[in-house]
Structures are given as structure tokens and as C-alpha cells.
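Across the two complexes that follow, chain A remains constant while its partner is chain B and subsequently chain C.
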Partner chain A sequence: MSAPKNSLKFLLGGNGRPINSSICRSCRKSISSRRQYASTAAAVAEAPESIHSPVTSSSPSTQLAYALRAGVVLSRPPQITRTLTPFEKSFFLYQKRLNERLSLPFTRYFYYRKGTPSEIDYKAKIKSRLTPARDIGRYNPYLDDGWNDEVLVGAQESEPEDVMEKLLGDVEVPVVNKFQGEQEQEKGRGDAVAARPAARETEADRTGDLRSLDRALERTLYLVVRDGKGRWGFPSDVLVGKESLHLAAERILVQTGGINMNTWVVGNAPVGYHEHKYPKYVAKGGVSQIGEKTFFMKARIMAGQANLEGNKLGVEDFQWLAKEEIPKVVDSFYWSQTRNMLSAR
Partner chain B sequence: MHFPWIQRCSFTSTPTLLKRQKGGPKRDTRILLIRYFLHAPRTPRPLRLSRMRALRHWTIHRAYQLHKETLRKEQELELERMYYEMRKACEQLRTIGRDGLEGVEEEGKLFRVAMEKKGVWGGVPIEYARAQTEWPSREGWNSGWTWD
Partner chain C sequence: MALPSLRHPAQRSLRKQCHQCISQMNSPRYASTAAAPIDELEQSSFQAPELPSDEANQFDPVGKAKGRRKQLPPSRYQFRPPKYYRGPLAPYQPPPSSDPSSREFVPGPFSLPRMGETYKSTIAQDMMTLSYSHVIPGTPQPAAGQRLRTWDGDSPYFANRPLRAPKGGHVLRPLHKRITFRNVPRLEKITVHSMSTEAGSGDSAYLHVTGMVIQAITNVRVKTHEARTTVQQWGLKKGKYSSVTAEMKGEDMYHFLSKCVDLVMPRIKDWKGVKGSSGDETGNISFGLDPDVVALFPEIEVNYDMYPPKMIPGCHVTVHTTANSDKEARLLLTAFGLPFYGKLIN
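== the complex of A and B ==
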């Protein structure tokens, strides 16, 4: 029985100070209670006492502590798909044309009734683009030169802009004169023009407005704020009372950016951690603080915008930045501890 | 356009004798057309690639596989980085008490609260159902959203 007794003593230490600190208090407690339950009054007498004995420091005059803080990594998710590389674009067109070579022929009479305007319209369109598919350019695999399905370097057929134009141009139905049996397209097409989608590059991108949430639509944007000392970082504050990290994150969001942000704090567990030691101890509330430990919570913004008016954390400025823009404003030590929790895209 | 492969047999299932009688059952032309699709002999032509073209096709295919593999690896590494960052934070949280030091009162309390799973899936916002699109919306970001 001496071996478990010794190991327990080792865990709790002589004066109750944990030597092996990788075991948390609750586990240590459960170990000691198990021990209690099992046997030996000596160990029982020793263990509970040692847990309640003072353990912070050998000299009682200076109580050391870290300031515990919670931070919020508030992010706006990407709104649009990523920009394809030229290789991906041309590969997709290549695959589409191969698929066209392998697909069954389009049977016009099943879809268009003879003599109807839609049939006339279809005939006119198929004459110009040769294939029922609208996004592969002028190509018909059933013709004699059907083998020639590869486009040349610099061809526009693989560009998403070109595909979009082709698809919308197909929607813009030309006015068909049924009696003449031929189509006439109005010159000033007027209402027939289909509305084009908005550009992937927005106004905020062009003007370089870093506070807008309309910028860098294909990236995740993170809220970075500047405090009273001119340092940039994620919004953070000291934990108040017995609040949990989740509650603290929700409080910090409101106290930084106001209530007009539709946000959601993702979970209860932190996604990152930042430790910073002060150059010298700071006396605060009867303890001398060595430094601060910040635990970051992940949050998402769905709508709204930050408003710093009357914020309680002394925040002076904010920006919405993508991952690679953040190290330009925060210091390198802060960046080295927070970079891994951010998404690359 | 000239179609040399036009089907020459009839696609009707009506027997010839029945067809000759005038009062025979009237078939919908759409049935004829559906039958035409299902049994049309014009199946896709096999892809015939020349030697150089086949080689080119293989090269393109391999290049795309490599590209996908690179993307997948990058994504995995990124997830791994995020996971270990979370793990590091939780491990730190587990070993510290109220004073941010090891072995003080309420050690690991923040960690135990952080590991609570109750209500984690309760308030997932409906906005998460929005998929990324190729083109952004014309309205842009809703900056004018207010809480009430």
C-alpha cells in the first residue's frame, strides 16, 4: 500500500502545493476522495487539509496574479465564392465540353412545340451558338470538327463573366414576329434587358474603406479595434465577477460596438489564447499583477455595423480586416500568438 | 442542318393492322416522343482521342488531381492549426484559477464552464443557411440593421 500513498503525497505535495500541476484541482480532489474511500486514515487526514491550505505564494505579503481577460474574435463570413485560378477556369470549361461530347442529343420537339414563338426563338439561338448548352461557347460535338473542343490560350469562354453574359443574354428573349416567322430584336432593348448581378469588387474595395463590411467579399473579415493607448487588437476586457467566457464575450461585443450588430458567439470554449507579461508588476486590488491572459471567443456577425459611440471599453477606432491585413496594424508578438486561430480565407 | 443518323423505324407501338383501321385508339404524340427518347439509338458517340490528345488529357487530369490535393492539404493544415490553438487555450484554462495562476482557488472553474454543452445548438442563427454565391447581392451588407 505504500506506493499509492507515496504517489498521492507526490501529487499533493508536502504543504499542499501541487508539484505536478498538469492535474487540475477537480481531478486531484477526486483522486484524494477515492483514496479516502479506499483505505488508510493517514492519507485521509492529510489530503483534505492540504487542499484547503494557502497555496499561492511562499511569502504572504506579495500576492501575485494574472489579469484574466476575455477577447472576441468577431468575424464576417465570406459572402461570395473564391476567385477561381485560370487553371481551374479552363479545366471546368474543358470538362463541360467533354460532357457535351458524351451527352445525348437535344430533342427539340419534346421541349418546343412546332410553330410556337419559343421554338422559333430556340432555332434562332441554336443557329448562333450551335449547341443547347449555353455556357460552353460556340461548339457542336456532332459536327465534323466536333473533335476540336479545346479552346486556345486567352479564350474568353472559360471566364465566369463571359458565362454570366451568355446565360443572361439567353434570358433576354428577343421579340418574335410570329407572322413573319422571323425574329426581330428591338434596338433599344428596354425592359428585355435582364438585370446583371452586382460586381464582385465593391465600392468599398475601390475606395479602400477599411471600416465597411462590404469590402473583400470573398474573405473572412475580423473586427480589430484600437484602444486608448493606440494599440490595435481584438476587442477584449477583464472578466468581471464570476461571469463565464461566453457571457463576457457577449458583454464585450455590446460594450464595444453597441447593440446594433446581429452577432452570435459560437460556443462556450475559447478558440485562442494570448499571454502578455507586464515589464514590471502592477499593483491592483491588493495583488501585484504579473501580466494578463486573454482567452478569445469566436463570434460571427450577421448584420449591422459597429458603432463606437459611447463605448465603455475606451475603444477609439475599428477596422474590418482580412487575415493578412491584421499584422500590418497589430504588433508582432500579439500576431504570433493569435494568427493560428484565424481562418486563411 | 443535316442529320444522317435520323431513326428510320417507327417509334409507335401500335400494330400495323390496328393502325389501318380508322377507328383505332388515338395515341398522344407525347407518348410517342417519350418513347423516342427512351429508345433512340443515338447514344453518345464514344470519345475517340488521338494519341497526343489522350496524353494531353491524362496530363490535364493529373494536374487537376494534384491541384485538388494541394488545396485539401492546405485546408487540413489550417483546421489542424485552429484545433491546436483551441486545445492550447483550453489547456491553459484548465490549469489556472481565479488569479490566472496554477494551484489557486477555483482552479479549472472557467474550464468546466467552458466545456458546458448545454444550449450550444440552441441559438444557431438562420443566417448560417446562406450559401456563398458567385455574385454578391445588389443590396450589399445590411449595415442599417438595428436591434429593435
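== the complex of A and C ==
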């Protein structure tokens, strides 16, 4: 009897080697042991594997199973744009200066009415910086040496901080010849100070406060907790009754971090799982458990902060860590199974 | 058999590459977190050690150019591409539009748009998680059947006829594809369109103002369009220029949308959001902005007096996404901060 063309046996090519090479090793294993995804959740294994088979204490006829757990990967998304690379900085400045060289002259009279204070102000500024663009430094694109648009070593023109200062300085100091060092400031003007954006590095960054949500603003931060045994990991708990992963995730968040967190559990499907085998089978409810599987749900924190007071899961400590800081606290096996569900930035 | 052949030099280098691959796989490497060891990278000027300061201070390209007594020999780079394309057989082919010497070159990008970064770091991942549906790898995909109808009947004229269009219309809607990491919906482009009936009936001043306004708020050159037909009710005459469009992509698109979402829309009075029934069923969603809303754009506000107040136009904005359905497109735009109201269709 030959296998039908869409059957799993056909895919495996008879001798267990898959024809379709897009099947990964773990899936191949699960297909070959004829377990569907749904029945994995039911978590009843048919036979123990020879490598991991520990000394069985119970009778061989008992069913083997995994204990099911739900976990939550609670994250705070990046709050600010990422830091530009040196190449990007110089590329953007190059493009801005090139744009000045290639574009038509600025139509001054369309933006500044003749004889108004703003026009006088504009004239003074263009005299000092030579170009209508406010953030490219002192550079005249229409001169014969307009080709000399590359900045020299150590120049600050391409730095975002310098660009910000120039744009804000343009607002707050109306008539100042900054580039030639001449102070032609008008009386009574120039007192206004434009509000600077908040610093990219916060107090928590400087003090190294790993529990603060205000740290590492340009990275995604993940909540990792330490349980009673001193192990770090994402918050997790056993599934209770017939609750779904989504509901379990919401419950775990409340039971770990308290009600003072505004969170959103993203979607109904897990983003990854962690498998842990027990050194010995554990008999529980008619089945003996080989190990445990933790399915992680993705969640976002919108506001609030974790508070471990009176938590029901025996959590002792928590930290908000970026991706590359997590392997420093969790063990390497846990990290190898969970790292691919975390965002690179 | 296999082992002796490995002694071949090419094979050995292949093996070496494999070893490099394996060593890279073992050590985690992310573009944003840890840089690769320098010796693995290609040589570039960024890795060069910094010049000593006295040597750097002596570098003066303009002074050097001015101090040159003889003129440099003419170079081929002074050649300007011809204004008109002379066809594929012409001896000289113009440079690609990405070349700064090309006549079609447009400089940019000038910045890393915040909204684009938010999409990459947050929105795309959440959308993928939200719309995930599990399929065991290797499961054969159900084949999409013939969606066009055949001609049933005895008529001899049915032979060799092209298939019939779907029922209820002649347009075949795109098939919905499962969302994976390869095809998470993203913004493709934004089109802003504005028609002025007065321009269509002869007064071109309106069209000039419309063009200036749309150009100011979108940062791209507008295209003008002439009326294809005469429409009495709208005052359109065939062949008269009556509307302008601007098409934005990339950086300009993200800047325009964030201006709309962060600066303009919060200031519209009694605005409920974009109508939930908007959209063309294939993931492109449109909304309109009234003249007084267009006047709220910062580029117009900064010199509002310069525009004739009665000539400031309203406009239609169409957001093109790569989503296959309006539902996914709305999900994307909601994540960007665009609210929807009323009955949500498709």
C-alpha cells in the first residue's frame, strides 16, 4: 500500500529522511513520532527516548507526559530612535549638502515679507551661514569651491547633537553671527531659550539601576524575574485547569508584578517555548512527567512598574534587561532556547 | 573518495569558509549590539586609525586647489548626460537615476524617520504575532483553484473563449496570503491628490496655489493632471489642467504621516477619525483633509499670510500598504496612530 501524496509518511520519504528540506530537525522529529502540534499541547508522549530515559520507578504501562507551563515575555519597546552609525551621520550630511548644491535658490520673498523683522533676521543669519539650510554648517553651495563639501577630521557638523543645537539656536538667538565669533546680538532679544529634548541617557543609565523602566531608552527591555531557587527567567507558571495561554499570561502578569502594570498580551499564539527534562520521572495524576514545556506569550507594558509585594508565584527579584544582558543572568541552556524570540534591537 | 578530494586547494578554502560559518554561528552576533571582529570585516576608511592632529590640520583641499598653477586636464566626469533619452541603441546611455550626475537624481535620504524606526522595532513584530497562524512545516499548501468561471453550454462560440469574470464584478481580488516574517504589511507609498474646479473652468491661479500648498506639505514635486472628460456639474472641461498629485515614498512618506498623526489631526475639531468603510478592499486606505485642516500643517502655518486664504485647497490622501485586505491595512495604520470610526468594512 503506497502512502497518499499529502501524507506525512510521503513527506518523510519512507525511510525517515525528509524530501522537503525546509523541515527543521525538531519538526521532523515530531512528525516522525506522528504527533500533531495540537497533541503536543496535550503533551502525551508515546515513548521515552533512549538518550534521556532515566531509571523508571513506576510501572512501564503508565503514560509519559510533559507538564505544561505558560510564560510571559513582557517587554517595553524602544522609546527613542537608535543612535546613528558614523557612516549614517556622514552620509546624511553629504546628502544635505548635495541637496543644497542641486536645488534652486531659496525663494526668500515667499517666506519672509520685505521689510519685516523676520526678513532682517533672516538676512543676518544667511550672512553668517551662507546657506538657507540651518543644519549643515557654514557652507556656500553655489561658490566655485562648492565641491569642497566634505567635513574635515574632528568636525562636528554631522553630529545629531550639533544639528539639534543649530536648529534650536536658530529659534532662540535671532541675530548672532556665531560662525565669525562676532556678537551682534540685539538688545532685549536672544533671551528666549528653546526647550531642549530630554537626554538620550537617563539617570537610571548612569546609576546602573536595572529595575528602572527608564533605562536603555533605545533598546527593547524584557522583564526577567528570579524565583525561590535563585534562577532567573521570564515569569511563568503551570497552566491551571482549562485556561488558555492568553488568559494564563494575563494571570501570571498580575500574580507576578501586581496590578500596577498596564499590559497588553499580543495575540493568542505563543512566540516560543522552553523544554526542560526532569532528572527523574515525576508521577502526577496518573501520568509520569518526563519534564516540562513552557510556552511563552508576548506582552507589552504600556505604563506602570512591577511590584513584587505579595506576589503569588514566589518571585524574589526582577530586572528590566536588554537582549544582550539576559544571557549574563539566565543559564546557557535556557538562553539557547529563548533567544530567538527576542527582538534584536 | 570524498576525503582525498578535500585536499584540492579550492575545496580546502571551502572548508575554511565552512569553519568560519560555524564559528560565527556559535558566537552570537547582532548588528545593533556587538560588532564583528575587525579582521573579518572588509577594509574601509572607517577602520583607519585617526590622523595625528598636526597632519589633519595641514589638510586644506581648497587652498591646494587654488595654489595649483596649471589647470587640471579635462576629465570625462565633466560630461553632462543628454536631456532626452535617445533609445537603447544610442551610443551613449544616460547614467542611472541614483547617480548624482544624472539629470533625474534626487538627493536623499536626509534622516532616519522616527515612524519607520518604530515600525521596524515594534509594529512589524507585533503585527506578525497578532496575525500568526500555525502550519506544520512541510504541510502541503492547498492549491488555489481556478477562480475564473468557465463557459457552460452547448454553443459552439464558447470554444477557445477566455474564461468568464467572477460573479458580481469583473475584478479578481487578490488572494489572502498567510502572514509570515517575509510579508508583514508595511507602508508602500502615500498619494496626495487635490482637484480644484475653478482651475478646471479656466482660472489657473487656483491650480498654482494648490500646487504650492501640496508641494509644501509633502516635500515632493507635484504632477499636474488634465481633465479627461467634461463634467458639467463639477465645472470640468476636457483637456484643462484641473488637479495635482504628489506621490511620496520612504522618508517623505513617514514624515508626512507623522505630521498628520502628531500635529494636524489632534487639532481638528470634532474629528472622529478615518471612516471605517474607507478602503479599496486591497489594503489601500483613503481619507480627506478639508482646507482648514490643510492650513494646520506646520509648513503652511509658518507663512500662512502668503497664501490667498480662499485658495488653500483640501486634499485626498491615499495610504498604500502592502496588506492584501483592508482589515490588515487598518491594523497597520491604527498602530501608526490613525484612528478609525464607524462600521469597519472588509
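Going forward, the second predicted complex is superposed on the first by the 259 of 345 C-alpha atoms of A that agree within 3 Å, B and C clash if a C-alpha of one lies under 4 Å from a C-alpha of the other, contacts with A are read in each partner's own complex, and residues count from 1 in each chain.
Just so it is clear, a contact is a pair of C-beta atoms (placed from the backbone, for glycine too) under 8 Å apart; a residue touches a chain by one contact, two chains touch by 3 or more.
Note that the coordinates shown come from a computational prediction; the quantities given were computed from them, not determined experimentally.
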Based on the superposed arrangement, let me know which partner A:134 touches: chain B (first), chain C (second), both, or neither? neither
Which of the two partners, first being chain B and second being chain C, lies in contact with A:269: first, second, both, or neither? both
Is A:152 contacted by the first partner chain B, the second partner chain C, both or neither? second
Counting touched residues of chain A, say whether chain B or chain C comes out ahead. B
I'd like to know which partner A:96 touches here: chain B for first, chain C for second, both or neither. second
Give one of first, second, both or neither to describe whether A:202 is in contact with chain B, with chain C, with both, or with none. first
After lining up the shared chain so the two structures overlap, which partner does A:166 touch, if you call chain B first and chain C second: first, second, both or neither? neither
Tell me the contact category for A:110 with respect to chain B and chain C: first, second, both or neither. both
Touch check for A:87: first (chain B), second (chain C), both, or neither? both
Regarding the shared-chain residue A:323, is it in contact with chain B (first), chain C (second), both, or neither? second
Would you mind listing the overlap between the chain B footprint and the chain C footprint on chain A? 18, 22, 24, 78, 81, 87-88, 98, 102, 110, 267, 269, 271, 300, 343-344
In the complex, chain A residues that touch chain B: 17-18, 21-22, 24-26, 55-56, 63-68, 76, 78-81, 87-88, 91, 94, 98, 101-105, 107, 109-110, 141, 147, 160, 164, 195, 197-200, 202, 212-214, 217, 239, 244-246, 259-262, 264, 267-273, 275, 287, 292-293, 295-296, 300, 302-305, 340-341, 343-344
In their shared complex, at which residues does chain C touch chain A? 28, 30-34, 46, 50-51, 53, 56, 59, 61-62, 65, 100, 105, 107-112, 114, 117-118, 120-122, 125-126, 129-134, 136-138, 140, 302-303, 305-306
Given the complex with chain A, which residues does chain B contribute to the contact? 30, 33-34, 36-37, 40, 42-45, 47-48, 53, 60, 63-64, 67, 74, 78, 81-82, 84-86, 88-90, 92-104, 106-108, 110-117, 120, 123-125, 127, 132-138, 140-147
Looking at the complex, which residues from chain A come into contact with chain C? 5-6, 8, 11, 18, 20, 22-24, 27, 31, 36-37, 77-78, 81-82, 84, 86-88, 92, 95-96, 98-99, 102, 110-113, 145, 148, 150, 152-154, 220, 266-267, 269, 271, 298, 300, 323-324, 327, 339, 343-345
